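What follows are several structures.
Here subunit A shows up in two complexes: once beside subunit B, once beside subunit C.
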Partner chain A sequence: MAVFADLDLRVGSDLKALRGLVENAAHLGYSVVAINHVVEFKEKKQEIEKPVAVSELFTTLPIVQVSCTHLDVDLVCITVTEKLPFYFKRPPINVAIDRGVGFELVYSPAIKDSTMRRYTISNALNLMQVCKGKNIIISSAAERPLEIRGPYDVANLGLLFGLSENDAKAAVSTNCRAAILHGETRKTAFGIIATVKKPRSSEGDSDPPPACKKSKCED
Partner chain B sequence: MPAPATTYERVVYRNPSEHHYMKVCLEFQDGAIALNAAQFKQLLVSALKDLFGEVDAALPLDILTYEEKTLSAILRICSSGLVKLWSSLTLLGSYKGKKCAFRVIQVSPFLLALSGNSRELVLE
Partner chain C sequence: MVRFKHRYLLCELVSDDPRCRLSLEDRVLCGLVRDTIARVHGTFGAAACSVGFAVRYLNAYTGIVLLRCRKEFYQLLSSALPFITYLENKGHRYPCFLNTLHVGGTIRTCQKFLIQYNRRQLLILLQNCRNEGEREAIQKSVTRSCLLEESSGEEEHLDSGDEAAAEAME
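Our next item is the complex of A and B:
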């Protein structure tokens, strides 16, 4: 089973708060965490080891269509702080799912404010109607340790948003892992060959040359 | 000679447990606030009411044990109301203006399972 992941922790520049937040997430059961850095108007996600995935926040319809089909992103983050001024259309969403782009729903506004709760749930239900629960990730945009919830709690929230039980648990584990791997494959050619900065050949010819030569000689 | 046709009997066990049991703990941000059992129940009912309304606030919910020092409790809810109670506990953000969070430690349809955490069992 894929490990649980929370792919959205928002922290300012305070390192101690960040450490407390990550420790709290680990204590609750998350094995993988991604920290959001707000960069200009785009958001860049950074795994603790290395920068891998890129996610983008969108609010207007043209950006939606473009990002689903053309832009080189891994996750599309749905703003829940206001009523989305457009409806999701099925064609670009289907293209996005085929490309492997995931959709991210954030739940910490729902904890803070009751108006946000309504917007979160209504936007989530809207999205579910179109994409049928595929490639959905639920994460917290937590700034404080008390805003994170445990992975099974979040999977239960997925049930509220209209996901099936299977999809809800996948939204916290499998789909997160898929998004991270999707980010990694963007660095490689067709997901197979990766160049490594070491005095070794690339993974493409992973069979060690002596073995190949040996089999050729034996023919 | 062909073997006689085997007969199959299908036995379906529906979940015999009507209630689900949850072990929860309430965590406050700046130190613990004292809550007695009645206030705790009031908090749970108001959380259900905020998210789901009057009808679901009246779900048959019982607090089986409550420890005031650690603010932890074992709750019992009918199985149909588990998802609603669990999600309203998850989305509860504050109590009387102070930030808090519910940590759900264990959920099980059997009360005996709450006495130990089967995931931490060590088989010698």
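Our next item is the complex of A and C:
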């Protein structure tokens, strides 16, 4: 079975609530969970088992383009709770997919409120039409244990967002894993931003850059 | 072949409040699911899903629910289940949610899955139990389930194991 991950749990500073939330996620079948710390403008994520992955929240078009192409992030989290003032353009999104940056959709506003639900679904469908469902992650911005849904249910929500059944399952499992590994490679091999789905980094950190250069020369 | 094909959705009701599971009832759940589908998929969804819809199995102790729906429209039902946020019974509103465990084409496949799931849950409970009496009760259930695996009376195991586990939990 694939590894299921929920990459967005928003908690305040209450440790006990956090523990309850994580226990609930573990009981539902998630093996990896990322806790979101809201730090002013940028959001920094800390994961329990693996090193730091960075994601960024944006609301305006220029930031979209910049973050897709230049900024050193793993995940671009889309605020789905308002009508977005811009349309997603295809070129920067394609560049982002090539770079390995994932797009994150949050579903807990949809569970809470019906107007949010409408905006969530319309924004999600908008995004789907541009990126065709690649590199999408669905996660809950859950603050309480009752707002998390199990991985099977989240994959069904993906169907509502316009993903195909395969893509929806991937959105909960393989794409999340790809994002985490992307964060890991960023830490170990500086300057090389590769869309590596299964890198063999971790051991031999300093070796990858010179090794690549060597092999190029030999060819 | 003239046969209506169904999908059976096996779900577990998860809630903070222990009274929530005990107030689970056929009609309550039926109404709740229909309302939720109407909210999410509108008039068409509510009408399409209500054709073959039924609650086939309900266990108030463990909160396991088996829903039936027509094969053509089961995706409407399964995509509306995450939007259930509370259970209302006799004027009391309990916050809860439904966690889908398994989707099967027949009741038998769902039953097989449920037996394996219950076995795993018993083992997890065994790790977490706090006093000797509970531990003994759970160990007895586990050994009974292993013995019953060879014989054909697996259905009794389902219910009796659940009740023992539920008592141990509370």
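A few notes on this one:
Methods note: the second predicted complex is superposed on the first by the 184 of 219 C-alpha atoms of A that agree within 3 Å, B and C clash if a C-alpha of one lies under 4 Å from a C-alpha of the other, contacts with A are read in each partner's own complex, and residues count from 1 in each chain.
Everything below uses one rule, namely that contacts are C-beta pairs under 8 Å (C-beta built on N, C-alpha and C of every residue); 3 or more make two chains touch, one makes a residue touch a chain.
Only a predicted model underlies this, so the values are computations on that prediction, with no experimental measurement involved.
When both complexes are superposed on subunit A, subunit B and subunit C clash. Using the contact criterion defined above for the overlaid structures, shared-chain residue A:159 touches subunit B and also reaches subunit C.
Residues 28, 107, 110-112, 114, 117, 146, 149-150, 152-154, 156-157, 159-160 of subunit A lie in contact with subunit B in one complex and with subunit C in the other.
Against subunit A, the residues of subunit C that register as touching in their complex are 14-16, 39-40, 75, 78-79, 81-83, 85, 95-101. Per the touch definition, subunit A reaches subunit B in the complex via residues 28, 107, 110-112, 114, 117, 144, 146-147, 149-150, 152-154, 156-157, 159-160. Partner subunit A is touched in their complex by these residues of subunit B: 27, 29, 50-51, 83, 86-87, 89-93, 99-101, 103-104, 107. Contacts from subunit A toward subunit C in the complex involve residues 24, 27-28, 107, 110-112, 114, 117, 145-146, 149-150, 152-154, 156-157, 159-160.
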